[in-house]
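Have a look at this one before I ask anything.
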Amino acid sequence: MDATRPLDALNAARNKRVLVELKNQRRYIGTLKAFDIHINTVLENAEEYIDGELKRKLGSLFIRGDTITIISPSEAVKE
Amino acid sequence: MDATRPLDALNAARNKRVLVELKNQRRYIGTLKAFDIHINTVLENAEEYIDGELKRKLGSLFIRGDTITIISPSEAVKE
Amino acid sequence: MDATRPLDALNAARNKRVLVELKNQRRYIGTLKAFDIHINTVLENAEEYIDGELKRKLGSLFIRGDTITIISPSEAVKE
Amino acid sequence: MDATRPLDALNAARNKRVLVELKNQRRYIGTLKAFDIHINTVLENAEEYIDGELKRKLGSLFIRGDTITIISPSEAVKE
Amino acid sequence: MDATRPLDALNAARNKRVLVELKNQRRYIGTLKAFDIHINTVLENAEEYIDGELKRKLGSLFIRGDTITIISPSEAVKE
Amino acid sequence: MDATRPLDALNAARNKRVLVELKNQRRYIGTLKAFDIHINTVLENAEEYIDGELKRKLGSLFIRGDTITIISPSEAVKE
Amino acid sequence: MDATRPLDALNAARNKRVLVELKNQRRYIGTLKAFDIHINTVLENAEEYIDGELKRKLGSLFIRGDTITIISPSEAVKE
């Protein structure tokens, strides 16, 4: 995710597993398929985590951009 | 819901049953009939769920986009 | 309320009784007279419900769009 | 307040007493003198009500539009 | 503060003492020197009131518009 | 900070010590180096105060405009 | 981070360690790689701190701009 513009960084993560965190504290891990300038984001094979626990598998998932706080390639996250 | 742009993914879900979740925690399941760039969304045969319980059947339902957090094809959701 | 664009769906509900719900939990039922792209909405013969109880009759009612969560034809709502 | 566009409805209420309610629960009753597309609104001879009680007389009152939830001709309100 | 457009009303209050109230409940009284279409506002000889009590004198004060709820000529306020 | 437009007032405070208050209640005092139409603001030699107490020295500080409530020349503030 | 425009200040911090604080109180320290006019920001080798405690290492991190309150070069922060 090396970039001079933030969306280049997201583009470098396309088709990779990413962690997406929302303002309502929910976390989704899925394969990043699409995003736009509003950071509207589509994940495939998405999993929802609440308080660190897997809650639901969601298949395809559209996330409205204004609800997102952070996006990070998930394989690099170390808790 | 395969796409290079997020709205393509929504388009692929048109006329299918989708789950729409709002910032106020409410969940709606209905047939996706229409959406726009603000993610204003119209469902048909919509059902409202609060805390996992069916609360109301709403027929046609217009949802203002800025209140939406996620949209997902409902048949793929596994809780 | 059949449509390919969300505002077409609202247009199909014009002059019909609709349920409008707000972010502050209030519900209004009235005859849909007007709306615009911000979802600013005008109802006639509007009734306000709080916690399911009729609180006020408001005659004409202008509702600022950004405070709205959902709009639905009221005759189809089944609680 | 008959109109095909929401702002036409506000225009029909110009120079009449209206009720304006805010997101912070305050209510103002005053003579509607001006408004714009953001629903920034000016009332004359405005009265502020909190929990149904008259709190202040404000003379001229400019209300920033994004803080408004509803506007209604006040003579038609029946509690 | 007579006007057909809301900002005309603010213009009529220029160089007069006004009351400005914020979403965070704070109230400022000062001489209205400047404002723009976002309702960004500059007061001179501003005083801050919290719960009706004078808390600080601020001299010049720039207030970001989106934090404002109401503006009113202060000499007309009757509590 | 005399001006007919609000940003002229900020401009007059450039290179002077200013107090910047945020929606999350934090206060920063620093030398105003830069700002833009969104009120994104840069302070030098910034100090952070929480509940009136100096918490951190931050050197250069970029503050996102939409989180700001007020800006005032700090030497004029009298508590 | 000397500048006449706020984004020049961010530009001067590129490739340096910065502290980014969010509206939800979380703090991230990482190498500033990219940002845009919305203050969407990309950090490398990012660390997340909650209540002053290191919680996670995130590698690359995209932060949506509207969730950010402040950005500051981290080596200059003195608590």
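So that you can tell them apart, the chains are marked A, B, C, D, E, F and G in the order they are listed, and the count of residues begins at 1 in each.
Quick note on the criterion: a contact is a pair of C-beta atoms (placed from the backbone, for glycine too) under 8 Å apart; a residue touches a chain by one contact, two chains touch by 3 or more.
Just so we're clear, the structure is a prediction, and the values are computed from it rather than from any experiment.
According to the touch definition, list the chains common to the neighbour sets of chain C and chain D.
Where chain C and chain D might share a partner, there is none at all.
Find the geometric centre of each of chain A and chain D from their Cα atoms only, then give the gap between the two centres in Å, rounded to an integer.
Spacing between the chain centres: roughly 42 Å.
State, to the nearest whole Å, the distance from the C-alpha centre of chain C to the C-alpha centre of chain E.
The separation of the two C-alpha centroids amounts to 34 Å.
Indicate the whole-number Å distance between the mean C-alpha point of chain A and the mean C-alpha point of chain B.
19
Residues of chain A touching 2+ other chains?
66
When the cyclic arrangement of chains is written out from chain F toward chain G, what order is obtained?
F, G, A, B, C, D, E
Tell me, which parts of chain F touch chain G in their complex?
22, 24, 26, 33-36, 40-42, 44, 46, 55-64, 66-67
Residue numbers of chain A touching chain G in their complex, please.
1-10, 13, 23, 39, 65-66, 68-73, 76-79
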